[in-house]
Each structure stands twice: as structure tokens, then as C-alpha cells.
Amino acid sequence: MAEKMRAVRKVRPGPGLEITEIDIPRIKPNEVLVKVRATSICGTDVHIYKWDAWSQSRIKPPITIGHEFCGDVVEVGSEVRSLKVGDFISADSHIFDGTCHVCRNGQPHICQNLVIFGVDTNGSYAEYVAVPETSAWKNDPDLDPAIGSIQDPLGNAVYAVLCEPITGKSVAIFGDGPIGLFAIGVARASGASRIYHIGKYPARIAIGKQMGTDVAINVADGGVVERIMDDTHGLGVDVAIEMTGNQTAVDESLAVLRKGGRWVAFGIPSQPITIDLNKSVIFKGITIYGINGRQLWQSWMQMQGLFRAGFDPSPVITHRIKLDEFQKGFDLMTAADRQAAKIVMYP
Amino acid sequence: MAEKMRAVRKVRPGPGLEITEIDIPRIKPNEVLVKVRATSICGTDVHIYKWDAWSQSRIKPPITIGHEFCGDVVEVGSEVRSLKVGDFISADSHIFDGTCHVCRNGQPHICQNLVIFGVDTNGSYAEYVAVPETSAWKNDPDLDPAIGSIQDPLGNAVYAVLCEPITGKSVAIFGDGPIGLFAIGVARASGASRIYHIGKYPARIAIGKQMGTDVAINVADGGVVERIMDDTHGLGVDVAIEMTGNQTAVDESLAVLRKGGRWVAFGIPSQPITIDLNKSVIFKGITIYGINGRQLWQSWMQMQGLFRAGFDPSPVITHRIKLDEFQKGFDLMTAADRQAAKIVMYP
Amino acid sequence: MAEKMRAVRKVRPGPGLEITEIDIPRIKPNEVLVKVRATSICGTDVHIYKWDAWSQSRIKPPITIGHEFCGDVVEVGSEVRSLKVGDFISADSHIFDGTCHVCRNGQPHICQNLVIFGVDTNGSYAEYVAVPETSAWKNDPDLDPAIGSIQDPLGNAVYAVLCEPITGKSVAIFGDGPIGLFAIGVARASGASRIYHIGKYPARIAIGKQMGTDVAINVADGGVVERIMDDTHGLGVDVAIEMTGNQTAVDESLAVLRKGGRWVAFGIPSQPITIDLNKSVIFKGITIYGINGRQLWQSWMQMQGLFRAGFDPSPVITHRIKLDEFQKGFDLMTAADRQAAKIVMYP
Amino acid sequence: MAEKMRAVRKVRPGPGLEITEIDIPRIKPNEVLVKVRATSICGTDVHIYKWDAWSQSRIKPPITIGHEFCGDVVEVGSEVRSLKVGDFISADSHIFDGTCHVCRNGQPHICQNLVIFGVDTNGSYAEYVAVPETSAWKNDPDLDPAIGSIQDPLGNAVYAVLCEPITGKSVAIFGDGPIGLFAIGVARASGASRIYHIGKYPARIAIGKQMGTDVAINVADGGVVERIMDDTHGLGVDVAIEMTGNQTAVDESLAVLRKGGRWVAFGIPSQPITIDLNKSVIFKGITIYGINGRQLWQSWMQMQGLFRAGFDPSPVITHRIKLDEFQKGFDLMTAADRQAAKIVMYP
């Protein structure tokens, strides 16, 4: 095996990324070495690329970024029992310690000592990546590597949609980022009765329709609440999933929720949010789930099960490029028209 | 309105049914009068037709039988608030009192004082039927009346499949009666990952495939447990649903269930069943649900939601005949080849 | 039976209440007539007494107020099946229709067409009151009538504390109104591991200790968050129950909640609340329950079960007076020192 | 530190145990060495002592047995992060791999590759024992070591009683082994409304009363079903927990369960059990939980929380002896009068 590999890295503080040649990672006894087949671009990667305030406080260059990927196990640590050379795996980006109170309570995805792949450790924008056994997920061998690489964000959608049963229920999904679009598909594949999608970019709303939207509303057209309340004969929806972090979307998603419904907080607001607890939460008797990450490993099991049932998230994957073309990928991700949704890169 | 109507009745103890002319029911203040659009034949009706031991102890002729139906409200009792003339409704066959401990605990489908439609009261094999408001379910106006009439048994399947989330899970369904076939479709529409169907009549197994079976096994071919364990790589299925009441099916459905899985008891055995509690229940750490009826009204909501999502149970409806042809329907239901699954009759 | 009775009423718009003589209610076929044994004063009654903005928009005088009570059935409507003369009953103040979508979904306590006892109908500050069968709850015959009368607010506490299991969990209860004090007792009786009580009136905090507080904090002393985080070794509590409607209490109750914990919104804010969804809800992965009313009838069953287990909420009942002394009761309820918690009146 | 220690071992196939001097265990990088403070006798240990058929097929002498214990960490493996010298710990006897499908589904207590402490590995009847970090549980420092040692069986009771909420519910507990007696206490501490205890040894039934039984029934007196049905006014109990493995107890515990109730299968039958699925499971609409082990680590959290709330299981600990007196302990465990319940041994 070669000793060097190409990797896309934040080599020093400041905007941008560089492709460089570095040593192939040496694995610890509890890790496997993975030859990356595909790795995709997350909004978090764009934050790091831009070197925004959050990145400046969190990222310690030099570091290889990237946390959405799949690949083949090429070397296995001495203590690893459940994986072998040749396994086709992905990883969850939430590396948990397994021993804190929250992990032991069955919630490792929000471990008290969470370490994020490609943020706090060297990530997957490279030919090889080291993965702890406890973070690895074995894919079905025939899974398209492009889909294999986007399971981390797809898993977010799975958790957000399925944190309570959705079958036979109506759902309004606010937001047209890739995870919002995935959520539409998950809801459709899980038997949701009627799916309302509220977005703002026509290209994304169009992908949403491919994923299964019944009623698409562009916020530019207004009347979000009225249209949904009319269509539900005044009842409102069973489930509202907020994936924008925007105050107006919070207000509208709560307004269209029926009494006793479920509201999912997923979109990350950039500032505190105001909520009329009386009217929107207490008198309505609703339940709210704050969703971060994916259930380890129930969300992955559900996702794999949906693949086996024929669920295809590929309409959300708008571009497939080489890792060497990463700059093009980041240009697309920041383009004003949001023609790109999910971009997969092949090393 | 006419004062007389045709009805198919058990007019006296003994086998068979007769079509007769009787008075149109007079409704009570809390009832509506329904002009029946379609009514379907249940296995329970066949028991009554044959006048078996159970029927002899339970049925008090003369009585109009039939409890699966839909129709239009033509008259509304003085205390009824939620229905009006012209509504297209069905009814749940489990008439509950609403005040017993079990009803008040949120389980009216197993009310302590349950009265069964068309068994303990005059039923739907007629031009008109009286329905208590608390038992009525408003259908979407464009629902095919044939489907409208089979919601009672379809709702059984909905409850059996969805008593815990099924999305992304593997499931083995034992039994090829109409409810077993419906269960396949419900599992498919709800995103089950892989569906194993175990039956014994080729005609029924074929319908199962139309409803969504991935792996069909005819018990005549043997190897049920081996085939499922092989296909699941030795893990077993997440969910096993027993819809035959047969000891062998009980044994096999428990054998193919994974550790920590869910087992559903639905099929009515004709004699006590032997279970190895140690191996099959305790050390496996499984959960068992005894399922009777349908959750009022959550199962109906899920069913309506699945219809709105495009779920179509009509492959199970093999025959559509006139109510006057009821004799042909019962002949088909008791034919050895089980070519008929669900038979809908139009008054 | 007499034809007239004494009742405490809002006879015309404006502050105050009057005791008057009016006709004993005539019951409908689905109601029972109850001779009131005890009726207690709710904060809502104080709002009506004061004739605040909410009261002016909602209450239509003349009306007998009061919705917390117990008494003996003295007359039974013709359609009532589950009650008989001599039964000792209470009622839930949330009168539901039983046929709306939300009721049929198992959530009648937040019925889409909710009618509130003693707010929208004539209530229990009287010698007799008419109660719909569907709203009546049969008490154990030996229940202290004072306790019988306070089950509506105690049931609020039962629902707020037990909407998820509390056994073995730590809980912080913010608020020292009667329902907050009841909540302490319910948590204690249900096996909560450690109970933090945050209040502001020394008299109420003292009652909280009688109910089972482990760690009492007066907000005047400050350091609420620090004290709880220290005591939980930095983890935070499993459950936080917000019963004040105050922005600071919302902030602090979210701050002391552990990752993956449960937050209960119960206190009614007088204005919109600001929440840092990122930090407090999403990254923490918490679940929020908006609680209004009591589960019908599961909360009542739990409450009755707790009584049978020996649970005694009577320390919260600070005063027992005659209904004729209602003015004294309202004076106590509005006194600055909050020496009074729950006041029970006997007609 | 010494290099040798005393240990009670099965040194060769055949009945009995011997105390011998062996090397103190050398720990692996992921283990800690524990100086045992207390270790208690489980029924499983009695099986091994007697060398019954199960033992002969499972146990590979020489081996130190014992799996219920607590002690102090005296040495820490190089990869252990969550424990340090001086920690006072216990361990769960179910050693799980953490990577199998069932573990990753949140059910490690029934891991597909389960290894049992003191059965498949050297156990705790010794001065020192090696414990994997993933199996260790940190006790509160002031916990009585006798109680510290019995948490494995007490945890069984916690899981059996609390696998669904018990607060405010009635429960019938069949069986008077130590875990049955613990279950009574757990139900009482968790707010169960009324506790029926069905046993056969007067000494054990007496301990049950100390733990909180409301109604004790000795099977020798007969009338189990009648007495419980009478006392519940014909409704039956909300929860029945079968902890004997006996056919009659299975029958009776199902007979006294109300419609829609919960049945827990815990007692290990020595032969297949016959169940009337129709009458007892399906038409009643009950839920059955097969319980093995304890939820990792939710049951331990609940148990620790109950200790903090004041729950005291010590009445079940009838004898406290030295480890050197182990022979006396096993004599007591096999005595016909069952005066002994739980026996704690101090090395």
C-alpha cells in the first residue's frame, strides 16, 4: 500500500481549502482503515470552508475535513471484532464515548463528550480515513456509493421524520435544504398520508416533488398557513418539521399543527426564537422533539430497511464530481440559485 | 322513503341464510340511518351461515347479519351532532359503551361490554342499517364503496401491523386469509424493509405478491424457518405476525423472530397453544401483542391516511356481486381452492 | 327535594361574586344531578372574580362559577347507564364532544370543541350541579370530600409529572402554586429520585417540603442553576417542569435539564417566551410536552391509584370554609403572602 | 499488593464448591481490577453448586463462580476512561459485545453474543475480580455493600416491574423467590396502587409484606383467582408478573389480568407452557413482555434513583456471612423452609 494520499484540508486559519499530499492514517487497535469510495459535502463543511465565526472557534488546522462518506475496509485494528477487510462501510459523524450517563441512557447520538468526525478529527475528504469500530456501519454490498456517502444527513431526516410513527399521518416540512428534501422522501416511503413542502428555491422545490411532495408552497407566494389549514379542512397537520431555523417558519409550522400534534425542531436558528407557549404549545397540547444527529443505530437500521424496501434518495444528489474538483463543489454549494442540493465527490 | 327493504337474514336456528323483506330500521336519537352501498363477507359471517357451535351459542335469530359495510346517511337522530344527511360512512363493528374502565383507559375496541355489529344487533346485509353515531366513521367522499366496505378487516391488519412502528423493519406474516393479505399491503405501504409471506393456498399467495410480498413460502414446500433464517443471515425478522391460529405457525413464527423482536397474536386457535416460554419469549426478550379489533379510532385514521397516500387494497377483493347473489358468495367463501379472498356485495 | 338552592355567581359584568338563590338545575337525559359536598377555588375562579380581560371576553353572566368539586348523585338522567343515585362523584372540567378528530385520536382533554365547566356552563359553587355522564368520575366511597374536590388541579399535576415515567428520575419543579405543590407530591409518591423545588413564597415552599421536596430553592436567594447543576454533579436533571409561565423560570428550567431530558410546559405565560432553540432544545435533544388539562381518564386512574397507595395531597389544602364564606376565600387567594394554597368550600 | 487470593470455585465437574488460593486476575487494557466488598448467592449459583444438567452443559471448570457483587477499583486498564482507582462499583452480569444488531438496536442486555459473568468467565466469589469497563456501574459511595451486591437480581425486578409505567396501577406478583420479593418493593416505591402477592413459603410471604404487599395469598389456601377478582370488583389487575415458571401460576396470572393489561414472563419454566391464546391474550388485547436481565443501563439508573429516593431492599437480605462460610450459605439456599432469601457473603 502507498504511504501517502491526497486529502482536501484546512491547512491554516482562513477561508478556503487545499488539496495536499499527507501520510495515510495509522489506525489504533480499535479502528479500521477505510479506502474512501465517495464523500459528500455538508453545510457544515461550507461553514468551515468560509471560515465563519463558529469555524474559527471550533476548528484547529491543519485538519482534513469531511464527515459524510463510505468506503472499503482495507486494514483492521487488533481489537476490532465486528469488521473485516473488504467490508463496505459508512460512519456516523457523532463519535460517542459509550460510558457517559447520556450514552448509557440509550442516547449516544447526544453523548456528553461528543466528538464530531471531520470537525474534531481528521475526516473523509481524502483517499483514506481511520474509523473507530464503534462508529462504523456496514452497508449492503450493492449500495450505490453515492447513496452510501449521504447517509449521515439522510439519517438526520430519518430521525426527524420517524422519532414518532408517521404512517398514515399528514406532515408539513419547512425547509428545502438537502435534509428537508430527504425528509420528504422518508415521509413518503413510510406511508405519510399527505406531505406539504414549504420552500423558497424553485430548483429545490422541484426536487421535493420528485421525492414525494403532495402540496408544494413557495414562501414567496405567501399564504402558507391559510393554504395548509384550508387543505386540512381547518384541522391542521399531524406533524410539522421545522428545518430552516427561521422565525417565520417556526411561527407558521406551529400555526398549522393540529391540537395534540408533533413538532420537530431541527433547523438551527442564528438567534433566539420567540414562541407563544400558551397558544402554540400548552393549549394545543403538542409534543416537541429537539433533533440532533441520528439515533445510534436505530435510525441507520430504519434507513437501511427503507433502502431494502426500494426507497431511493438519489434525486437529491444533483452533482457527482471528483474530489480533485472540490472547488467546483463549494462554488455550487454557495451559488445563489441553489441548483445544487447534495454533491458527492469521488477520491 | 319506502317502508320495507330486502335483507339477508338468519331467520331461524340452523344452517343457511335467507333473503326476506322486513321493515326499514327506525333509528334511536343517537343513531343515523344508512343506505348501504356495499357490504362484504367476513369469516364470522361464514361461521353464522354454517351455524357452527359458536354461532349456536351466540346468535339469536331472527337477525340480519353483516358488519362490514359503507353507505350514505339518509336520516339523522335528534342527538347526533357530528353527522348529517349525505355523509358517506362506514362503521366499526365493535360497539363500545364508552364508560367502562377499559374504554376510559383508551381501549374502547376491547370494551368490557362489547356488542358486535351484525352478531348481537341487526347488521348490514340489507338495504338500510341503523348505526350509532359513536360507531360511525366518515369516509372520504371519493372512496370506492368496495374499499369502504372492507375497512373493518383492513383495520384489523392496520392495527396488527402498526401496533408498533414497522417502517424499515422486516416482517413475517403467517396466514393467507384476507386479513393476512391486507397486512402484507399495509406493511409494504408503511415502509417495511422485507416482507415474508407464509401461506398454503397458491391463489392467495399470488394475491399476497400483488400486495407486496418479497419472499413467499408455501407451507407445503416446508423449510419455513430455514428459509427465513437464511435470508436474514441468521438474525431473524424484527416482527412476526401470526394470523392462522395454528400451532405450527405459532412455533415457526416464534422461531424466526429475532431477539428483542415483536410477535403479534391475531389468528384464533381452536385449542390451547403450547409455547416454550424460556427459549421463545424470555431469553429472547420479545414483546407480544394480542390484537383484537382495531384501535378506535387511530387505526381508522391510519387507514384513511394510507388511502390518501395511494394505498390500494383492492387486489384482495376478488369478487363483486349483488347482495341478492349472497348464496354464490358463501359458496365461494367455502370453496376448497380459496380462489375468493374478499367478496363485496351490493344491495 | 327543594326547588331552590344557594349559589355563588357572577350575576353581572364586573368584579366580585354574589351568593343568590336560584332554581336547582334540571338535568338532561345524559346528565346526573349532584348534591355538592365540597368545591374548591381555582386560580381561574380568581380571574373571573377580578373580572380581568380574559374573563370579560369569555364569561357570559349570569353564571354560577366553580369547576373543582365532588358530591353525591341524587338524580339520574334517562340515558345514563354507568351511574346511579348515591354514587360519590367528581367531574373533569374539560367537557369534550367525543366525536372530533382529536377526541377520536385519544386526546379528549384537548377536544377541538372543548367546553369548560363553570366557565362556559353553570358550575359547582352551589348546592347542586348538573354533570354529563361522560364527564363524571366515580370516587372511592371513603375519599375525603376535600380531596375529592381538588382532583381537577391534582390531575393536572399527575399528567404533568407522569406524561412520561418519573420513577427513579430527578425532577426540578418550578412554581409554588397549588399545582406545583401537588406535582412535588406526585413525583415523590411515584418514586422520583430527587426533587428540586423552586419557589418564591416561604409559606408555599414550606408546604412543598411537606409534599416531599429534597432541595428547596427560593428564587430570592438566586443561584438556581448553579445549585442544581452542582447537586447533580454537572449532569442536570432528567425532568424539568415549568409551572410559572415566567421567562426566567423558562430559562432556568431549560438550563438545568440534562441532554436528552424532558421539559414540561405548564405555566401560562402572559406574553411570548424567548427560547434559544439551538442550545436548549436541538443540541440537547430534549422532548417538550405542552400540558393542558388531564388525560381522560388515565390521569384520573393514576390519581385514584395513588390515593389507594396512600398518597395524601392534603398539606396543600390550607383552608376549609363554608361556601357562604366565599368572600373570605377569595380574600385569602389574593393575599400577598400566599399563606393559602388550596381552599375548599362546603355548601 | 498480594499476588494470591482466596476464591470459591468449581474446580472439577461434579457437585459442590471449594475454597482455594489462586492468582489475583491480571486485567486487560479495557478492564479494572476490583477488590470485592460483598458478593451474593444467586439461584444460578445453586444450580452450578448442585451440578445439574444445565451446569454440566454450560460450565467449564475450573472456574470461580459468582456474578452479584460490589467492590472497590484498585487497578485500572490502560484504555479505561470512565473509572479510576477508588471507585465503588458493581457490574451487570450480562457482558455484551456492543456491536451486534441487537446491541445496536438498544437492547444489549439480550446481546446476540452474550457472555455471563461467573458462568462463562471467572466471577466474584473471590477477593478480587476483573471487570470490563463496559460492564461496570459506579455506585453511590455511601451505598451499603450488601445492597451493592444484590443489584443484579434487584435490577431484574426493576426491569420486570418498570418495563411499562406502574405508578397508580394494580399489580399481581406471582412467586416468592428473592426477585419476586424485590419486585414487590419496586412496585411499592414506584406508586403501584395495590399489590397482590402470591407465594407458597410463609417466611417469604412475610418478607413480601415487609416490602409492601397489600394482599398476600398463599397458594396452599387456594382461591387465588377468586380473591383477586373479588378485590378488584371483577375488573382484574392492570399488571401481572409471573415469576415462578409454573403452569398454574401462568394460568392464574393470565386469569386475573384485566382486558388490555400487561403480563410479564419472567419465571423460567422447566417445560413448555400451554396458553389459551384466544381467551387470555387475543380477546383480552393484552401485551406480554419477556424479561431477561436488566436494561443496560436504564434499569440501573432507575434502581439508583429509587435508592436515592429512600427505597430499601434490605428486608430481602436475610443472611450476611463470610465468604469462607459459603457452605453454610448454600445449605441455607437449599433448605426446605426457604427461611433464607438473599444471602450476602463478605470476602
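All chains are identified by letter, namely A, B, C and D, in their written order; residue positions are counted from 1 within each chain.
Following the convention adopted for this analysis, a contact is a pair of C-beta atoms (placed from the backbone, for glycine too) under 8 Å apart; a residue touches a chain by one contact, two chains touch by 3 or more.
On a predicted model such as this, the values are computed, not experimentally measured, just so you know.
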item	value
Selected pair, out of A-C, A-B or A-D, that shares over half of its residue contact pairs with B-C	A-D
Pair of chains joined by more contacts [C-beta pairs], B-D or C-D	B-D
Whole-Å gap between the CA centroids of chain B and chain D	42
Whole-Å gap separating chain C and chain D, where each centre is the average of the chain's CA atoms	40
Chain B residues counted as touching two or more neighbouring chains	101, 105, 301
Chain A-touching residues of chain B, taken from the complex the two chains share	158, 162, 165-170, 188-194, 301-306, 308-309, 311
Chain B-facing residues of chain D, complex	101-102, 105, 107, 109-110, 112, 235, 245, 250, 258-260, 265-266, 268-269, 272-278, 281-293
Touch list for chain A against partner chain D, complex	79, 81-82, 97-101, 104-106, 133-134, 296-298, 301
